[in-house]
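Worksheet: one structure, shown below.
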Amino acid sequence: MRIGILTSGGDAPGLNAVIRGAVLRGSVVDGHEFVGFRDGWRGLVEGDAMPLARTQVRGIARDGGTILGSSRVSPYREGAGPEVVRAVLAAHGVDAVIAVGGEGTLAAARRLVDEGIPIVGVPKTIDNDLDGTDVTFGFDTAVQIATDAMDRLRTTGDSHGRCMVAEVMGRHVGWIALHSGIAAGAHAILVPERRTTIEQIAAWVTSARERGRAPLVVVAEGFLLDQADDPHSERGLDAFGRPRLGGIGERIAPRIEAATGIETRAATLGHVQRGGVPTAFDRVLATRLGQAASDMVGRAEWGRMASLRGTEITSVPFAAALDALKTVPEHRYDEAAALFG
Amino acid sequence: MRIGILTSGGDAPGLNAVIRGAVLRGSVVDGHEFVGFRDGWRGLVEGDAMPLARTQVRGIARDGGTILGSSRVSPYREGAGPEVVRAVLAAHGVDAVIAVGGEGTLAAARRLVDEGIPIVGVPKTIDNDLDGTDVTFGFDTAVQIATDAMDRLRTTGDSHGRCMVAEVMGRHVGWIALHSGIAAGAHAILVPERRTTIEQIAAWVTSARERGRAPLVVVAEGFLLDQADDPHSERGLDAFGRPRLGGIGERIAPRIEAATGIETRAATLGHVQRGGVPTAFDRVLATRLGQAASDMVGRAEWGRMASLRGTEITSVPFAAALDALKTVPEHRYDEAAALFG
Amino acid sequence: MRIGILTSGGDAPGLNAVIRGAVLRGSVVDGHEFVGFRDGWRGLVEGDAMPLARTQVRGIARDGGTILGSSRVSPYREGAGPEVVRAVLAAHGVDAVIAVGGEGTLAAARRLVDEGIPIVGVPKTIDNDLDGTDVTFGFDTAVQIATDAMDRLRTTGDSHGRCMVAEVMGRHVGWIALHSGIAAGAHAILVPERRTTIEQIAAWVTSARERGRAPLVVVAEGFLLDQADDPHSERGLDAFGRPRLGGIGERIAPRIEAATGIETRAATLGHVQRGGVPTAFDRVLATRLGQAASDMVGRAEWGRMASLRGTEITSVPFAAALDALKTVPEHRYDEAAALFG
Amino acid sequence: MRIGILTSGGDAPGLNAVIRGAVLRGSVVDGHEFVGFRDGWRGLVEGDAMPLARTQVRGIARDGGTILGSSRVSPYREGAGPEVVRAVLAAHGVDAVIAVGGEGTLAAARRLVDEGIPIVGVPKTIDNDLDGTDVTFGFDTAVQIATDAMDRLRTTGDSHGRCMVAEVMGRHVGWIALHSGIAAGAHAILVPERRTTIEQIAAWVTSARERGRAPLVVVAEGFLLDQADDPHSERGLDAFGRPRLGGIGERIAPRIEAATGIETRAATLGHVQRGGVPTAFDRVLATRLGQAASDMVGRAEWGRMASLRGTEITSVPFAAALDALKTVPEHRYDEAAALFG
């Protein structure tokens, strides 16, 4: 068979390992051929493809980013759609597609599968908010980077007796905040799933200070203050319709300082969390997912995505990932809060 | 309740996070008190204990090693045994014990539980060879360190056109070799579970060279050459009964060179793999296991150990870990071999 | 002799190594005693001191921050001054002071020396803007952190075909931007010493793109656009007199995007650059400076600071550091610009 | 002009940055053309060359190794020599050569220059044993890797109350041992420049233990025990003329254990020290040296090598590097010994 691969949506450490895993598994073992579509669905709807032989993927498992490029283009954008996709696949002699991407990518893939296009998926989100798999690749790297950064921030907090606020990724879910906060020993973990008042945050910060610590607060970018406490806590847009400069971390730091009297500084970790060399964990996971996706093509498992369950890779229908956002469950948050509350 | 903790056996990154997790969970939430027994079972049989209040465990989740010390002393050594243990616990007013350790530790704990001593366990092995849990803490850190080292060795191999052999930990199982080998893109992964001939290894190495690569071989310390190929491949002892200087890596490197004509160098990663700052993954896992162990004491789950299953912490009887060594299954090895074979 | 040590001003990786170096050198070799004043000059004017025996400094060379704490308090603040300092030193039996700090600290120390207080200095600034020494400790760590971050940002830029802007520390000088920019292979390096127009920046960015690269721009926080190009480029204050949220990186990113048509994202590295485990280079440099400072006390070199010249530690008068800011010289900037211009 | 570059001798982090620095400086600014000779002098005497345009060197500053390959071939080997070199240069239209290498490379280059071949040099040795420059690139990376490894070994030593011995690179000089030992806080630093008895080492180890520390010993691979103490301390060869398996670290560990009664383990860091991503310091230094070498060609500075003096790059005659090995001076060793002695 001739298999097309595309990587779509935001960057995530491990994309190249997925590509390499699929190509090595499929070409060496099963004799498939591979092509890569450039920049996600854009390459597929425009017929922009590159060969993906064994030599193209050598040594890339440790490289961040994706050799195929990525974009947020939809296969259903103006002038595209299933007929265009079908025509491009035919023109390139491609029998099936492995789509690596997040919620939007998998939702588009599901529609295309419903139209008869043979696609299997590999879930991708550094936020870890996709259901249907224990964990997604890229998440472990993001948590490690955030943890390393907090390890550094903590020493400066200690030197100055300051409270440090670290804003990490996570628009809708708090997984990165939760895990990096546990790992770094944060004194408050603020996640989108749990609205919290400034009073509660100040109580945690003050309690840490009273135990002799320089308070460390980790906040997911999508965290919202309790509405009663802050009617204006929604993320604002500036006059040009762009997100307001300064995220939630920079906005709550002065409020924590005001409420506690403790000098408080914020750091926004930003894009650094989604690039660069993947952790060994993510390289292994991504490689295995890529291998599994190639096998799934061989078994014609259209409309399903590779998934980690315990220690094994299996597959689940796209719907398993798309039905619900995987949020931090209450017991996990409370378990973490027991460390600082 | 008053709970004693001990850490026993070889060092593993995450031991301190287990201790901190148990103490914070148990003391802050449930009002337990904690004491630490120094150097594993030695401290318990000799009554060598230290207080473990919240202040003792602050900030230690990121520190490698164990603040309690460790040793390989058995509670059944000459002059010890269940009566001694019972007496020490009574003397220190300790109601139950959390024992953090590997196969030997858990086997001893099982005997003590059978004698009526209230013990719960936390599994520990960087080799990941304990059954009954998806993964053990310390393993992720060891894999990361081995992967980083191989990333470095690879560039030198490339510069000189050499074959590099990296010997990693794993006396009885090849998990570290398998995962670090996948992550680093090794061209041969040699594990204790799979005897291999020099001819096969040379074929992999030559094949990598023919594809233009500097061959990278990862070998677990417990790997054995196929017996037909090497009747003397057992690990030897020197005249003083010590393990022979030079491990399997250094012993197979000249044989690979002889068989392939490619200059070959070995590096033994050694003790570096089991010390130092744990990865974020291991800090989170170890913290959660420590918390769970404290909860298990509250529920009087004697004779059980905390265990990771998928994304949740549960508990299993000691027997689940002790009945069989968790070896690399055939399908996992073959899956990895598809990347280089 | 009995020697007091204080660390003053912003946090810098290596402060603890200075303390350890001074204490070990002075106590073990020369039989001095040491005390630490807490939080910089505050501890000295308030008589807040802690013992600094060998046991207090063990193992701290690798720890970021300062075990003595730091602050920006001046010894000439209301109610302080040379008489107060003299009295505190007498009360604690302290014969001389080692002051570790930046420009403000050394300037205050110079005034106190002029009043007859026996002080030697150790220069500290992660910005590397102090003259009189080849380099200051903390700078190497800051450059490494910034470089690592840019290595990560680059892969995301590549995946999305974006221009990434990294804002690094450096209010008055561009040393961190210069060195991290060279190390990371930036396509534009923007420093306070060299006003640049948006047109020039856009030309560099466009040129990189035309060579097939995802443009990477590093900008020091104190960089100013060419005035003709931007009459409002001074750092603004918000209504509360705080620095405006959003630094120069976030402010020029949309202008680069507008001028080039290339999607552009900014990341502000912030406080992460000044905390955490120091590089080996900084640990060695800081240790040697601390040792030298102890020796300088033995030789009564009041009013002088330890200084690195080539491979040797020497001492220079405070004035050598204070007379002029050490800016990036033209030939160094032009040399770096040759890499991207 | 058309300039040839070659990299010769052992691998060192920063080789690619030298190549990139030379090519970017020479081609973009001065309009030179570049070719690379493969595998050091081998490529030059065999006429094995590759083009080195801007596109070949992009993004390589952060990559370990050398894109040109390296070898230990001499230009004076059988069948080579100045006439062959001259003929190859003429055949490839190469006007001058930049030779990047250590003592052997520079000595060969000096002979060729004496024969009229236009060559400039860039000094390379991770051991830092070349005179004529403050420091060589690759050394900082090697020290950082060794320090990181010792940070890890230390925690395991602490957990088990063991003495850990780390063997680092340095056949003839102890610079890596000295700097990594200072940075990691070693309790004994053993260098080739200073023969030491087992009794002295045991005294240091015992003293550290008595202060409550797990002793950490760093030993350069070329260290020799005091002869009176060990008549057999020369590095032995096995029956095949290979270096004996097991270096000095593994050989002194049991002797330390015997002399102190403290369980002692050795780790040999090996090739990991000379590969992989260079530190930011080495990338900057190597880039500047490469740029300077290109400029030196423009000024026809044959027989000279680029050199770091303080903060500036200058050039010195090859003889400055070749007249004497740069050993650790007594005052530097004694200064370090003051930290543990």
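Letters are used for the chains, namely A, B, C and D, taken in the order the chains are written, and counting of residues starts over at 1 for each.
We adopt the following convention: a residue touches a chain if its C-beta (ideal position, glycine included) is under 8 Å from a C-beta of that chain, and two chains touch if they have at least 3 such contacts.
Chain labels with UniProt names: A, B, C, D = ATP-dependent 6-phosphofructokinase.
A quick note: this is a predicted structure, and the numbers were derived from the prediction, not measured.
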Longest centre-to-centre distance from chain C, chain (CA-based): B
Distance from the mean Cα position of chain C to that of chain B, given in whole angstrom: 41
Approximate Å spacing (C-alpha centroids) for the pair chain B, chain D: 34
Chain centre separation (chain A, chain B; CA means) in Å: 29
Multi-partner residues of chain B (at least 2 other chains): 148, 151, 154, 277
Touch-based graph of the chains, sorted into line, ring, star, complete or other: ring
In contact (per the touch rule at the top): chain pairs: A-B, A-C, B-D, C-D
Complex contact set, residues of chain A against chain C: 7, 11, 13, 15, 39, 63-66, 69-71, 145, 148-149, 151-161, 164, 240, 242, 245-246, 250, 254, 265-272, 274-277
Residues of chain C defined as touching chain D within the complex: 20-21, 24-25, 28-29, 54-55, 58-59, 61-62, 134-135, 140, 143-144, 146-148, 151, 154, 179-180, 182-185, 211-213, 277, 279-281, 283-284, 287-288, 291, 309-311, 335, 338-339, 341
